[in-house]
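You will see two complexes here that share subunit A, one where it goes with subunit B and one where it goes with subunit C.
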Partner chain A sequence: MKSGKFWAWVVFVVGAAYFFIPLMATVEFSLRMRRGVHSFDAYQVVLGDARFQSTFLFSVIAALCTIILGVLIVVPAAYWIRLRLPQLRPIVEFITLLPLVIPAIVIVFGYIRMYGSNSPLPFLASNWGANALLVIGYTTLSLPYMYRAVDTGLRTIDVRTLTEAAQILGAGWGTIITRVILPNVLIAVLSGAFLTFAIVIGEFTMASLLSRPAFGPYLQNIGANRAYEPAALAVIAFAITWGCMSLIQILSRFAPKSANRPN
Partner chain B sequence: MTDLSLSNQAFATKPVPPKEATAFRLPTQWIGVAPFFIFALMFLILPTLYLVVGAFRNGEGGFTLDNILQLVSDPSISNSYWSSIKISFWSAIIGAFAGLAIAIAIVRGGLPSWTRSATLTFSGVASNFAGLPLAFAFLATLGRVGIVTTLLRDVLNINIYAMGFNFLTTTGLIAVYLFFQIPLMVVIIVPAIDGLKKEWGEAAATLGATQAQYWRMVVIPVIWPSFLGTVILLFANAFGAIATAYAFAGPTLNIVPIKLYSQMNGDVLHNPQLAYAIAFGMIVITGLANVFYIWFRTRSERWLK
Partner chain C sequence: MADPFLSIQHVRKSFGATTVVEDFNLDVERGEFVSFLGPSGCGKTTVLRMVAGFEEPSAGTIVVSGKDITRLKPNQRNVGMVFQAYALFPNLTVAQNIGFGLKVAGMPRADIDARVAEMLGIIKLPQMADRYPYQLSGGQQQRIALARAIAPKPKLLLLDEPLSALDAKVRVSLREEIRSIQKKLGITTIFVTHDQEEALSISDRIAVMYGGKAEQVGTPFEIYNRPATKFVANFVGTLNVLEGTVTDAAAGTVRVNSEQVSLKGKLNGSKSGDTLSLALRPEAISLGRQPGRDSSLSGEISEVHFLGSVIRVRVGIGGNTVSLDTFNSPATPPPAVGEKAEISFSSSDMLVLH
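Up next is the complex of A and B:
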């Protein structure tokens, strides 16, 4: 047992070194822009760059739209499957796993060929269409996470009783979903939302191939042309990811711990 | 059991008409799932099928196997598949064992409890820290003027670039991909190790099993399916990754996703049929991997209830 503990420490320390050395080196590197001293110059240059601001804003808006679209698609479906169509669950689970199987680059290639400017549904003919297609693509990428988060949330509430109670009180379907079900799974939905945000914010492949002015292509451009700014951007990106994950952890403390009634 | 009594109750207390009424208004039954299925069909399934069908067609629309055969006969394409498979395979295997070792260390190793929560939090972050920023971080560390590179050179007099280190080799990319592969393994496998019930260990001990026998005959068989399933997930994860590699080398690196990217990003898609075939090959490889994943997952879930 003693040697077991020794080896556990060895594994832990080696692992920690592999993960922390690159992070610390990146922070250190990002502070070196001014010769001889540590400074936040790289951050100032990056944050002051108009293109940083516009692309970041674009990606934030794209991420928010992705979350809204994802909620609109996933919440009713997951709710309905729990309530009425449990036999569809394996099919829906399979579909939500597909984006993990089909690489993003393949999905977006399909979009470009199928929704090009001279196709029956010409998304790519206009700027807004292309923006919409980007949000749609991101929603596809986030399906596995969103569906699992919402489904886990639904598992902890008694969907059927809540629905029946609402119906007895005279609520319609819209009211049931928006005022009864959604507030009960809000924490789960928000966890899915933050994860989606973390994935989407710096996404490169889809944004670049759809020629959108998003944060991912901007990162690529800076990475190819500058020395210290990329390190600063990496630190910022890590902080954003960290922020999203911490919010999920904080939220999970408020989530109901177990099923009130197993469904 | 609860479920059964609940629905009986519902049947007993509820007057019959509402249920009957919805029975022949068929669309309402599907209305909740309709947006999901329409979305999945239009933006996931049909675009993929479009490429798959395109892979088997020639320029005039007739059926052909030439595109698929070209994947094998064109050495630059078949090489790109090989390097992609190699990188994905080894980063998955190494990532899986390293992740498993870390998971066992924090769950069973008798370390203080903060190591567990710190590792899990960090793994959640690092498994999502991929793409371009990851490449930037490694360039700042081990790039030609990176912090660790210069430290090694100035302090220990080791020039890693003279020793043949390069991010653009299979080994270089594997080392970088491990940064998100290991944490992903940790995130997925820790619940599986938690699922090992204490009673099993006690039962084994009561029956006189040694620690080694307990591991060989209880722990490994129970963890094995979810471990293998995760390996396959890691494989697919690395196989589709493009941004990190692209940040290191731009379009020059010869791996499949970058090959497809440059085919698509050129001013003219000089051979769309070939691009279809490349995409089809990617789907086949990750698809096969995922068929195994689903199979192993259903096997492992039997034990983790």
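Up next is the complex of A and C:
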């Protein structure tokens, strides 16, 4: 038993070293811009760059739009499948997993062919259309995470009985979803939202191939032409991702507690 | 006679090829408390869910207060319901839960607050308004669920096994409370249960259900003492069933074991030589010959269980075994297993099961 514990610690330390050493090296390298001393010069340059601000803002707005679209699609769909169409669950789960299997580049080439300026739905003929297509693409990419988060949240409540309790009290579908179901899965929805945010902020393929001024292509561009700034950007992107994960953990403590606790 | 308040006529419900409710008929008067009693799978909850609007009948009509509600959606019926699993909204406080239906109906805030306070007073939990459901015991949660159901003043209150998730002591106190609130408000109530004691103790009438049909509808007294079918007799209360053979149909005599029992007027067209199932409640049987009991049977004591104030004795009579209870008397020791014994009863207490 003791030897088992020892090896568990060894595996943990090796895993932690594999994860943290490159990270620490990146952080350390990002601080070396000024010769001979550690400084935040690289961060100052990056944060002061107008392109950083505009691309980051673009990606944040794209992420928020993706989250809204994702919630509007996934919450009613997952709710309805749990309530009325449980037999469709395996099929829907399979469909939501497809973005993990099909590379983003395949999806985006499909979009370009389907929605090019000569197609019946010429999304790519205008900036707004291309932005909308980007958000739709991001929603597809985030589907595995958003669907699973919401479905897990729905599993913790008695969807059918709560729905019936609200119905018998006079509530229609809109009231049931907004005042009964959504508040009870809000923490799960927020978990999905932060995962979506983390994915969208660093996404490169779709934004680049659709020629959108997003943060991912900016990261790539800086990485190809500068030395210290890419390291600073990597640390910033990493901090944003970790910040999102931490928020998920914090928010999960505020989830409504199940009331089904018979005597 | 005035029209019934709730009328369920020829209601049938099938799920695919399976019919779970068959030609169910019931009239309920205003203010009446009717229980649906039956084993699991008998269709009692399905009938309740059709009255609530969660299931649509395959055939038949449901009329409340003269209005056909058969095809109305649940939120258009003005019916209150209490669920087995409480179904309180976890994200809302007790006051918000009780006021939910009132808010949906668009009642002004001040009126909602007043009605919620009134409901909390009725269920005797006035201090719980700001608690969340997870901070309450099961009994308290079910009281809140009851208050939430009756707050919008529904025409009809439906209770779907509301006590089955609670412990025995809470069940008894809460069922008495439910009955007292129902009487106070005069609200017509349908109560679904598989617990006969619950149904017998609080109902005005009971519909005993089996195989998707109402086997018998009657007062608790009628259901217990005059069961209409073999199923009702077996399901409600403890019953001793004896096999007997009609010896003289005209005179109404039946042979049980080797002794004659007179059942004049109860044989209902049976012919001499027919085999009948005869039933006796344990409390209708005495050990030994007792004055006022016109029939007796001889046998041998096969089991004796001392239960404190009561002694349960089982007596073997031919191929039948009869169970009876006698009160404990400190001066008299309980009978011994193997002793010869005679049991006596009034033939008028004997039921002929068809």
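Annotations for the structure displayed:
By our rule, the second predicted complex is superposed on the first by the 254 of 263 C-alpha atoms of A that agree within 3 Å, B and C clash if a C-alpha of one lies under 4 Å from a C-alpha of the other, contacts with A are read in each partner's own complex, and residues count from 1 in each chain.
We adopt the following convention: a residue touches a chain if its C-beta (ideal position, glycine included) is under 8 Å from a C-beta of that chain, and two chains touch if they have at least 3 such contacts.
Just so you know, these numbers come straight off a predicted model, no measurement behind them.
Once the two complexes are overlaid on the shared chain, A:154 sits clear of subunit B and of subunit C alike.
Looking at the shared chain after the overlay, A:11 reaches subunit B, while subunit C stays out of its contact range. By the touch criterion defined above, A:210 reaches neither subunit B nor subunit C. By the touch criterion defined above, A:180 lies against subunit C but remains apart from subunit B after alignment on the C-alpha atoms of chain A.
Number of subunit A residues touched is higher for B, counting subunit B against subunit C.
Looking at the shared chain after the overlay, A:165 reaches subunit C, while subunit B stays out of its contact range. Overlap of the subunit B and subunit C interfaces on subunit A: residues 161, 164, 261-263.
Considering their complex, residues 52-54, 73-75, 77-81, 83, 85-91, 100-101, 104-105, 132-134, 136-139, 141, 148-149, 152, 165-167, 170 of subunit C touch subunit A.
Residue ranges on subunit B touching subunit A, taken from their complex, read 2-3, 6-7, 10, 14, 29, 31-33, 35-37, 39-40, 43-48, 50-51, 54, 98, 101-102, 104-106, 108-111, 115, 119, 121-122, 124-126, 128-129, 131-142, 145-148, 178-179, 182-183, 233, 236-237, 239-240, 242-243, 246-247, 250, 257, 260-261, 264-265, 272, 275, 279, 282-283, 286-287, 289-290, 294. For subunit A in complex with subunit B, the touching residues are 1, 4-5, 7-9, 11-12, 15, 18-19, 21-23, 25-26, 28-30, 72-74, 76-77, 79-81, 83-85, 88, 92, 94-95, 97-107, 109-114, 136-137, 139-140, 143, 160-161, 164, 173, 195, 198-199, 202-205, 208-209, 216, 219-220, 223-224, 227, 230-231, 233-234, 237-238, 241-242, 244-246, 248-249, 261-263. Of all residues in subunit A, those touching subunit C in their complex are 157-158, 161-162, 164-172, 175, 180, 183-184, 256-263.
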